[in-house]
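To start, the structure under review is shown below, and the notes come after it.
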Amino acid sequence: MPVLEEGQGELFQPPDMDAFREWNRRKKSRRMEDKLMTEREAVERFVHENSYIGTELYGTVRCPMSLAREVVRQRERIKNLRVAGQGVLELDLWLAADMVRTLDLTYIGLEVYGISHALRRAVESGRTRTAEWSNAGITWRMKAAAMGVPFLPTTSMLGTDTLRYSAAKVIEDPFTGRPVCLLPALILDVGMIHVHRADRYGNAQIEGISGFAFELARASKRLIVSAEEIVDSEDIRRQPDRTIIPYYLVDAVVHAPFGSYPGEMPYTYWRDEDEIRAWVEASKTAEGAETYLKRTIFDVPDHAALLEMIGTERLEALRALASQR
Amino acid sequence: MPVLEEGQGELFQPPDMDAFREWNRRKKSRRMEDKLMTEREAVERFVHENSYIGTELYGTVRCPMSLAREVVRQRERIKNLRVAGQGVLELDLWLAADMVRTLDLTYIGLEVYGISHALRRAVESGRTRTAEWSNAGITWRMKAAAMGVPFLPTTSMLGTDTLRYSAAKVIEDPFTGRPVCLLPALILDVGMIHVHRADRYGNAQIEGISGFAFELARASKRLIVSAEEIVDSEDIRRQPDRTIIPYYLVDAVVHAPFGSYPGEMPYTYWRDEDEIRAWVEASKTAEGAETYLKRTIFDVPDHAALLEMIGTERLEALRALASQR
Amino acid sequence: MSERYTATEMMICAAAREMQDGTTAFIGTGIPMLAASLAQRLYAPTLVTIFEFGGTGAQLAQLPLAVGGSRTFHRAVAASGICDIMETAQRGFVDYGFLGGAQIDPYGNLNTTVIGDYWPPKVRLPGSGGGNDVGSLCWETIAIMRHDRRRFVPKVDFLTTPGYLDGPGGRERAGLPPGSGPIRVVSTLALLGYDIGGTYRMRLEAVYPGVTVEQVIENTGFDLLIADEVTTVEPPTDEELRLLREEIDPEGLYI
Amino acid sequence: MSERYTATEMMICAAAREMQDGTTAFIGTGIPMLAASLAQRLYAPTLVTIFEFGGTGAQLAQLPLAVGGSRTFHRAVAASGICDIMETAQRGFVDYGFLGGAQIDPYGNLNTTVIGDYWPPKVRLPGSGGGNDVGSLCWETIAIMRHDRRRFVPKVDFLTTPGYLDGPGGRERAGLPPGSGPIRVVSTLALLGYDIGGTYRMRLEAVYPGVTVEQVIENTGFDLLIADEVTTVEPPTDEELRLLREEIDPEGLYI
C-alpha cells in the first residue's frame, strides 16, 4: 500500500490533529460565557496577520458579510491572510484589498456575472499563491478536522491536475485494492459563520440549507458567529435539535441584522441586485475596486452605519422579497 | 506506509463501494412512489434469509420495535440473519428467537437491568458468531458507506483486543506518520428506522437527537421506515431542513403509532417499564423467552393487535408521561 | 441560424431535452438551471434537481441566481448541506451532472482553472468549484460549451475535471467509479457524444438547424469522430421559447 | 462501613466530587448519571454532560434510564447524533469520561467483552459499547468499579478499552492521543490513581471511612502502588444522601 501519487500543491495548513486536540483542550472554554461583541472587537481579537481564515456559506447567500467587510476595514493591521476559498463577494473583497497571500482555491467567481476580476489581478500578478481543490474536496478537508481525523478518503479529484496541484495523496485502499484519494484535514485559525439566531453564549441555529456550517464551525480554532437575531437561551433549549453550532465552539457572537447584505438570507431578506452589480462593475479595475472599498468600508465606521447609508426603505424592500417556506 | 496491524475478526459484509454505487443506480427509484405498506409486507418483501440487517436507535428509545417484532413473527421464513449490533430489546428478541448467525457486536445489554441473557445463551453456545467493534466504530463504518467511501480513519480502538477481534486495519497516516485505525465501510442489506413523521414516499423527519439515523439510512441497500404519523408531503416541503431521510433512500413506509413500544418516543410517549421488566424476567431462560415471544408476537397477528392487547388506557398513560420540549 | 431564436436558446432547449424524467440531476449555476426549469415544465416533470449546497427536489418556481440560494431549496423535500449532497453523488445516487468550461478535449476533460501554465497563469479562471466532483462522482455528465477552436482543444491547459482522461480504461485506472463518465456535449453548434466502449473520443451526433458538419469540424481544434448518420436537431418550439422568455428568465439574465 | 449509607452511595458521592465545574463529561448509563446529577446540584453547577447518542448540556431534571433517552437531551443546548458526539471527543473537546467493567488491570485497561477465551467465551459480556471510544478519545477517564480480586486482575481476559496498555508510552505507540488516559478509579473501597509520568501503574490514594489499606490490598489481584500518604475519604454528607435518595433516584433504581 505505497503512496501512488502526491499532489505537488503547497500544504498551507498542516493536519496536526494532536495539536488541534491540545488547542481544543486548553483554549476553548466549556463555560457558558457572554461572548456578545461588535464586528470590530471580534475581528481585532481573533483575526491576525498570517491567520488562516474561512467563511461560510457563499458571498451572495447567508455569508458573514459584515465580518468580511470588517476584516477589510482592519487591513492596516491584518496583512498576508491565508484563505480557504470558495467564494463570491466575500473573497472578492479580500482579494481586491490585496490581503490574501495564499489561497486553497476551489471556486472564486461572480456567478451569473462571470469571472472574478479581483482574483485574476491577484493571481496573475503572482501576489496570491494558490493550491487547487474541488468544492467537495475542501469541505471534506474541513469535515476531517471536524471529525478529529487527519484525513478523509474520496474517489473525487483522482486522475486530474486538480489533484496534481493540490496537497492530496493517492494510496491503494487496503480493503479493496483500488486507488483512493486522501484529503488532509484542514484546520482553520478563524472561521466566520452567519446564522439566523444565536444566544449570547454562541449556541446557533440556521434555517434552510446548512451549507458547510457544521463542518467549518468544528474545523476552526477560533469561531466568530454573526446572527440576524440574538435570542434567549431558553429559545435554543426548547429546540436543541436545531442547534448546528453549540456554544463551546464559539469565541465571539456578533449581532448583525442584515449581516449577509448585499447577499440574501433565506426566509429573511432577498439579495440587493443593484449593490451586487455595483461591485461587479467597480471590481473590473483595481482603482474602481479601491474606490468601492473606500465608499462602503473605509469611510463607514461599522455595519450599522452601512445599513444607515443603504437606508431603511431599501432594506425593508429586500425583507418584503424574502423567500417563503 | 505498510499495514501495521490487521484485525482478525471476520468481515461479515465487504466494503464494495463500486457494487453499492451500482445498486443505488439500478435498484433505487428516483420517483416519488407510494410506499405505504404494513409491517408484514415490508418485512416479507425486503428481509430474507442471510440478510445483513440493522436498526436504529436503541431498543428502549425510538426503535422500530413493531418491525423488530415482525421480523421475529416471520422466523420460519427468515433464518440465519447477520446483524449490526448495538441494542437492547430489539436485538434481544432476535437473539432469543435464535435468528442471528453472525453479529458485528458493539453492545448488547439491558441497560439498567444488566447483561443480556439472550446474548449469553446465543454466543456461549457458539450458535452466534461475533466480531468486535466500538459504538463509534460501527457507526463510523455506516458513515463510511453513507459517504460513499471504502473506509474511515479513527484514533479509537487502537492498541486493544477490540481492534484485534474486529476487521479493522492499522496503517501509518501518510500525512503525520502516526498509526491510525481504518474502519471498513458497512453496507447493510436492510436498515430499519422509526421516525416521528414521514410522507408516503418516505421523506422522514425526527424530533430530538438523531442517533445514527442519518448514517444508517444512507448505508442501507433497502430501508424500511416506520413512522408515528404519516403526513402530507406539503408538511415536509414546508420544513425541508428537518428532513433527515429523503424519499429516494426509502423502500417501505409503515404507519406505526406506538412503533417504539415498549420503548419511549421522545416528546410522544414514555417507556412502559412494566413491559420492559417482563422481558427482563422472561428472557432469563430460553423457555421463558419463548413463552414471551409466543404471547406477544407469535399469537398476535400484527402491531395493531398488540396495541389492542396492551389497551388504550395503558398507552394513553404513557402518552401523558411523554417528555416535554 | 434563424433569427427566431438565439444560439443560447437553442442550446438550452437541446440540454433540456436531454433530461429524463424520474432521474436525479446535479444542477450548477446558469444554463443548466434554465434547462432544468424548462425540462420540468415540458419533458421531465419528476426530474429531481440536486444543488451543491443542500437543496434536493426543489420546486423551481423562480430561477436561482446562486447554487446555494433559497430558490434551490424552495419547497424541496430536503435542505441539507454540501457534504450530504456530494456524498449522495459519491454513493451513486446522482444520474446526471452538467458541466461547463473554458476548454474541452476529445476525451471530455474540462479546464476551468487556468489558461497557460499553472504558475503564474496567463488567465486565472474560477477553479474547479463542484465541477471536478460532478465529473468524478455523477454517473453521466453533459458538458455545455460555446463551440470554437479555442475551446475544443486537443489537450486542455489544465485538467480540472475528469472526462475519460487519457482514453479507454483511464477513469478506472485512476480509481474513478467504473461505468461513469461524460456522455454528451451540448454546444452552440451541435450535439456530440463519445465512442463509449471504443476509443472514448468525442463524436458528432447531430447539428443544429442551419449548421453544417463542416462548420462543426472547422470550429473544433481536434479530429472529431463523425456519427454514421448525423441528424439535425429540432429547432426550439414556440412553447419552449415562450416558457424560457416569459416564465423562466423574464429578466433576461441568461438569454 | 457505616450503616448510614451504602457502599454504592459512597461510590457515587466520591465520583461526584471528582467532577469539576466548567468541564465536559461523557456520561454513560448508571452510576455516572447519578454522580453527574449530584455534582451538578452541589459541586459543578456548570458541568456539561455529554451523552453518546446526541445530548449536550442537558438539564438533568430526571434520571435518564438510557443513554439515548429523552432525559439525556432535556432542555439541552444541542441534540445531535452519535457521530457528532464521538467526533467531538476525537477532536479533544471532552474532558472526562466515566467507565466501568468486569475487570481492570494495573494499567487501567478494562474488560467488558468476555470472561475466558474469546471463542467460545465462558461468559459473554455486553461488549465495548462506547467504552473503547471513551477510553481512547476523552482526555481523562475515571473508572467506577466494584472492588474485589476477580475484578482487579493482573491481566484482563480481553482488553476492551485502553488504559495505559502495556505501560509507559503504550498509548502513544499505539496511536492513541498523546496526553490522554485514565486518572482515577472510584471503587467500592477506595480512590485510586496512577503513577502518571512514572510506571503508569495503579496507586492507592485514599480509602473510604472504615476501610483499611490492608483490606484494599487483599481485595486487589495485583501489586498496588501505595501513595506516601493514604488519606481517608469524607463520608457522604447528609445533603448528598438526601439529594441522592429523594431527588435523584427516588425510585431506588440504582441505590
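We just call them A, B, C and D in the order they show up, numbering each chain from 1.
In this text, a contact is a pair of C-beta atoms (placed from the backbone, for glycine too) under 8 Å apart; a residue touches a chain by one contact, two chains touch by 3 or more.
Because the structure is a prediction, the values reported are computed rather than measured.
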>> Distance between chain A and chain C based on Cα centroids, please, to the nearest Å.
In response: 28
> If you average the Cα atoms of chain A and of chain D to get two centres, how far apart are those centres in Å?
Replying inline: 40
> Measuring from the mean C-alpha position of chain A to the mean C-alpha position of chain B, what distance in angstrom results?
Replying inline: 37
>> Can you list every residue of chain D that touches 2 or more other chains, as numbers and ranges?
In response: 55, 73, 79-80, 83, 90, 137, 177
> Among the residues of chain B, which ones contact at least 2 other chains?
Replying inline: 17-18, 147-149, 154-155, 178, 180, 208-210, 238, 240-241
> What topology does the chain touch graph have (line, ring, star, complete, other)?
Replying inline: other
>> With touch defined as at the top, which chains are paired up in contact here?
In response: A-B, A-C, A-D, B-C, B-D
> In the complex of these two chains, what residues of chain D are touching chain B?
Replying inline: 29-30, 52-55, 65-74, 79-83, 86, 90, 109, 113, 118-133, 136-137, 158-162, 165, 170-171, 173-177, 253-254
> In the complex of these two chains, what residues of chain C are touching chain B?
Replying inline: 22-24, 46, 48, 55-57, 59, 73, 75-80, 83, 87-93, 95, 137, 139, 177-179
>> Could you list, by residue number, the parts of chain B that touch chain A in their complex?
In response: 1-3, 14-18, 147-155, 169, 171, 173-176, 178, 180, 182, 184, 206-210, 238-241, 325
>> For the complex, give me every residue of chain B touching chain C.
In response: 17-18, 20-25, 28-32, 145-149, 203, 218, 233, 236-238, 240-241, 243, 246-248
> Which residues, counting only chain B, touch chain D once they are in their complex?
Replying inline: 57-58, 60-62, 86, 88, 105-109, 111-112, 115-116, 119-120, 123-126, 130, 132-137, 139-140, 143, 154-162, 165, 170, 178-181, 208-215, 264, 266-267, 271, 323
